[in-house]
Amino acid sequence: MANVEINEVSEVLKQPDRFVWIGLHEPSSEVLSQVQKEFCLHDLAIEDAHSAHQRPKIEMYGNSMFIVLRTAQINKQEHRVDFGETHFFLGKNYIVSVRHGSSYSYTDVRTRCETTPQLLRKGPAFALYAVMDSIVDQYFPVIHGMEQELEMIEDKIFDAKPDRKTTEDIYHLKRELLEMKRAVSPLIDISNRLMRFDYELIPEDTRPYFRDVYDHSVRVNETVDNTRELLTTALEANFSLISISQSDVSKKFAGWAAIIAVPTMVAGIYGMNFKFMPELDWPWAYPVILIITFGLSIGLFILFRRSKWL
Amino acid sequence: MANVEINEVSEVLKQPDRFVWIGLHEPSSEVLSQVQKEFCLHDLAIEDAHSAHQRPKIEMYGNSMFIVLRTAQINKQEHRVDFGETHFFLGKNYIVSVRHGSSYSYTDVRTRCETTPQLLRKGPAFALYAVMDSIVDQYFPVIHGMEQELEMIEDKIFDAKPDRKTTEDIYHLKRELLEMKRAVSPLIDISNRLMRFDYELIPEDTRPYFRDVYDHSVRVNETVDNTRELLTTALEANFSLISISQSDVSKKFAGWAAIIAVPTMVAGIYGMNFKFMPELDWPWAYPVILIITFGLSIGLFILFRRSKWL
Amino acid sequence: MANVEINEVSEVLKQPDRFVWIGLHEPSSEVLSQVQKEFCLHDLAIEDAHSAHQRPKIEMYGNSMFIVLRTAQINKQEHRVDFGETHFFLGKNYIVSVRHGSSYSYTDVRTRCETTPQLLRKGPAFALYAVMDSIVDQYFPVIHGMEQELEMIEDKIFDAKPDRKTTEDIYHLKRELLEMKRAVSPLIDISNRLMRFDYELIPEDTRPYFRDVYDHSVRVNETVDNTRELLTTALEANFSLISISQSDVSKKFAGWAAIIAVPTMVAGIYGMNFKFMPELDWPWAYPVILIITFGLSIGLFILFRRSKWL
Amino acid sequence: MANVEINEVSEVLKQPDRFVWIGLHEPSSEVLSQVQKEFCLHDLAIEDAHSAHQRPKIEMYGNSMFIVLRTAQINKQEHRVDFGETHFFLGKNYIVSVRHGSSYSYTDVRTRCETTPQLLRKGPAFALYAVMDSIVDQYFPVIHGMEQELEMIEDKIFDAKPDRKTTEDIYHLKRELLEMKRAVSPLIDISNRLMRFDYELIPEDTRPYFRDVYDHSVRVNETVDNTRELLTTALEANFSLISISQSDVSKKFAGWAAIIAVPTMVAGIYGMNFKFMPELDWPWAYPVILIITFGLSIGLFILFRRSKWL
Amino acid sequence: MANVEINEVSEVLKQPDRFVWIGLHEPSSEVLSQVQKEFCLHDLAIEDAHSAHQRPKIEMYGNSMFIVLRTAQINKQEHRVDFGETHFFLGKNYIVSVRHGSSYSYTDVRTRCETTPQLLRKGPAFALYAVMDSIVDQYFPVIHGMEQELEMIEDKIFDAKPDRKTTEDIYHLKRELLEMKRAVSPLIDISNRLMRFDYELIPEDTRPYFRDVYDHSVRVNETVDNTRELLTTALEANFSLISISQSDVSKKFAGWAAIIAVPTMVAGIYGMNFKFMPELDWPWAYPVILIITFGLSIGLFILFRRSKWL
């Protein structure tokens, strides 16, 4: 293990038992073209590595491999998920990683690798595995956060009153799940190819490690799909419950309207100006009518309560 | 058949005609590492076996096979389904099962196997089959319970009034079905591979048994899919019926409003204070007006009843 | 052609130019084990044959083939579809059919076969074809009945008022279609394999017959899928029309409310007890106000009619 | 080119450089059995050719090919699409077409073919292409008509008020699209097989022609799928707009109810019979109250207009 | 590099180291037949090239390749996307492009290519790549515009009141996305075949360039799918929010109706003409009743505000 200058790299590459591990973060085009020169990389790969917004993929250019992965991590302050990208150039005795956007540095990974030299001795493919593994491991808290978000939405839907915010939350979770899906689902194919195809750059004994990455990415992908399907059902359930709430409002309104309409009607009748209305002259008519009328209203109230209209 | 100490296992493994069958339940990492040493298992497999939350899968590590299955059983007290996991290490002359979470112990299976020594003689593959078969057999009461739950939901939807609880029940059944799907659908692939691929560990004459497991898991999976599709339709039907109920409420309300509004209007008219309103002086005006007005209301009532508004 | 006792079967099987055709209906386990002994059948196949609730499938056990099919027939009395099962054991010179649940007996098929001995001479594969063909032919009236049911539902949706029954009918048709799908869709694969794969038991010249079965099952399956998709659209259309109906109710109610509210308001105004209300003393005020007020109401009525609110 | 009697056909077939082209329309079983005898066709194919209601398919029977296609043409008088069927028997030196249901005769196609003898010389495969091409070409006006129908539905949904007819139109267009789909989608597979598989009956140099048919059927299929998906969205959009309309009705009703309720309430208050109500004796009370009250109503009206409730 | 007359083309084609690049825009059939003659192209390809409305495809005709692509560009004035078509004939030493409908001329692409003669030396395949690349690059602003349109729709849905226009916008964006999908999704297959299959016309060292086109088209396609799925969710969310709005209207209406109904009822009661109503004679009855009544109304108002009905 040693640190070398970037322009001495091509010297080091000639030594058979060593490999070079370079980590770049949003490099300038000068740095990239220097890297290109040292490792003899293809124009198209360098072009891709320079701009972010690539989709996860694996491409062979002669003897070197170009891999693009998406990283994801929770941004707790702004309560959202930040996506980034990491590109890799993998050769017989080198690995170059290029980070774009928000993502943790891979120095931790490197330090951890350096503690297991017997594994690191497997070559740059193991370094690639180590970084891929750390990227996929960062997916788990993200999808766990999304599952929790779904549970919060469920609670809102089933326990609270329908409000616009819940629908908006559902929509935004859907958006994030789609973004996550775009990061994870191509990774299944990538790790599958790394573990199955006969790439010269991936030694036989590192394949179980890529199978491990494959297994993790399948699990993440499955959870994303699951959450998406539940979310769709949640949206529909939410909609049903909005309708039931609306129906409840209508019922309540109708019930109270009936309770108030009856005394109003009766009052109207005894407000008529006919000359000959015998009841008007009875001394106890007023309290009796009041009692009968409000008795009716109370009767209606009890009736509606029983049939759960109120 | 004999019981051996775990550190004598490697001794026993040298005898050609015998095989070792070990069953562990949520083992500590010490036990697992002892097992690893005795059977020479791969690091990654042991790592997986230690933590639960694996997805059902089959993986070859050199000469040994690592299989993960999900178990499911009804928890009657809490009225839900408990999911667990069982991991298997299968070698030429050993099988190790590691149970996680809630699941029945496999001692029953073992006892039953010991009663058919001619089958057990087929080796650890038959033991694997026996446990897989028992796991899949436990799926049937679970999906049967889910089908019954769906029927209860149907009854609620079509016979009772719409309420929030039905929608919530639909959602929770959907959640359980998705969980069940995650347990079963990878099992189809696993048993298919066991019955078809040329694994050295699976002797020719045990393959029909794995085809049986395959067949069972396809059936469970089919029922799950079926129930899911019916549940989706049930959710939509529920929604239609909520709308119809709401429409019925509106109709009832409108009908009664009309029946009450007519006497109120008439009473208002005869409550006007015009000097020259000849009807007011007629002696029979009051009862006649009352009869006409309520006659109208009764007429409306009959009309609405006939057109099924009330 | 001859009838033989079941325990002489193994004798007959030794004769090269003959084949045995046995038809059982929900046999006891004794009969089945006798059959097993005579034809040397596999344990797992006999186990399957004993219990109903298998899914349609085809399985090879050494030299014998085990096939499960689902039967369907309309139960006119109870206005529903009865599903049953038929299992087949096919060997070089025998065919055993085991019927479960409701299905026609296959004696008719047999009689018809016996009238075309040149075809029957093709061996048990032709007998298998004859029964499969008769099973698939019974699907056609069933799916035709379902298509008619769909047309009845369409008529209800588009011509009649929305009611709960229509939604329930849609749901139950969906249920039956799913059941039908489960019977038919595996049959496509089964007949495809019989017509394409190189099974020794299926002679070259009987394959076009299985292609015919394949073709029929594809057609049935297509109709089922079609009906399902139309049914989904019908459910949605039904829902739209429920909403339109509800909207019509609201409009009608609003219209009539307005027509009645205007005279009520006017009557209220002239019911006020102000000392100085000159109109009250005008001799023609009462009839004039009445005419104006009801004129307004009639005007509203005409207006609402024109804009199709009433 | 020459016309021959049907019972001389087998004579002509012996001549190496010629081929026979026969066109039948809903033939009787006698004619069909004569055709069968002359061309040595398989029983099952003749059976299929006799009955309509086959699905589009391609089947080899020894040296002859049996093809079923669906035809579609617009029936302008009854404003719907008529579907028919055409079956083909293709042999080394013959082609027999059997038309069922509504479809144009293929004499035009034949005449056109006869004007390009250099192409017709490629044999019956070219004749098959010519008829298939003409069948597919007739699909285009049909799907164009369906696209126009969709545009009419769009106009109704977005410009007009929601009515039951629009929903019914959507449903019927969906039905026709499904029917069309059933005609077209198997054709993709058929033409793909004709252009790709090594059928002896399809000479190398006619394959580009079948690729042309393939290309056309893919285009038709794509348009059908597209229209279906748009139709589904249209149904949902229609539903949203129905809800918005309903919401608008509610708002209008609520607004006018408020405008009328205020004067009614005020009138009620001054209709009370309290002895000491000083306002009642004020000389200008009546007009002032009227102005205030209706001023309030007008204020509400303006308020509701601004917030788009009215 | 040189410009040649069209009828000298066949002369130039004989020179081994050169290739001809012709660009046509909606050519007349005379020009096309001249082109056909010079390059010996197939009738069917020329026929396709003459008419627009082809779907993107790749077809081999002997030694020449025929490719159809769809172009898309934003029409800012009319606020919509214009689709066009470009057809290519590719031979060993020529490339002919035929533009239909709205699309930029490819002279820019050509000029750019001429600045990199070392790449252009790879032959007509590189010219094909250059034009394909420029076509795909024009997709990006189009889909970016669609994503922005979706964001505008989201803002409308979540921030503004539901109106008919939003639903119409959703529908029209869906239409454009489907159109875009039809342009892009076959391109994935086309570029995949160009990069993978062993076409003689595509030299080994140009394949990475077609992989680049493939990668871009997959990205565009993914974005289109994503936007479609979000749009579907947006339509449903929109619908939920319409329902919530409607529910809010009902609540507001019910609340205000209650607030107004109470004084109206009380006024009615004291408007009754009973002789013996002691309250009527109390001197402070009128103001007291007014205060109590409106106190009740204000109490209701506060109650409704708290429970968020108003």
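All chains are identified by letter, namely A, B, C, D and E, in their written order; residue positions are counted from 1 within each chain.
Everything that follows uses one rule, which is that a residue touches a chain if its C-beta (ideal position, glycine included) is under 8 Å from a C-beta of that chain, and two chains touch if they have at least 3 such contacts.
Keep in mind the model is a prediction, meaning the values are calculated, not measured.
Annotation, subunit C versus subunit E: rotation angle of 145 degrees from the Cα superposition, expressed as a multiple of 5. Under half of the residue numbers found at the subunit A and subunit B interface occur in both copies, marking it as a different-residue contact. The mean-CA centres of subunit B and subunit D are about 39 angstrom from one another, to the nearest whole unit. Centre-to-centre separation between subunit C and subunit D, using Cα means, comes to 24 Å. Looking at subunit E, one finds that residues 236, 239, 243, 246, 250, 253, 257, 264, 268, 271-273, 277 touch two or more other chains.
Interface of subunit E with subunit D (complex): residues 42, 44, 48, 54-55, 57, 59, 61, 161-164, 167-168, 170-171, 174-175, 178, 182, 235-236, 238-239, 242-243, 245-246, 249-250, 252-253, 256-257, 260, 263-264, 267-268, 270-273, 277, 279-286, 289-290.
The residues of subunit D lying in touch with subunit E in their complex are 154, 158, 208-209, 211-212, 215, 218-219, 222, 226, 229-230, 233-234, 236-237, 239-241, 243-244, 246-247, 250-251, 253-254, 257-258, 261-262, 264-265, 268-269, 271-277, 308.
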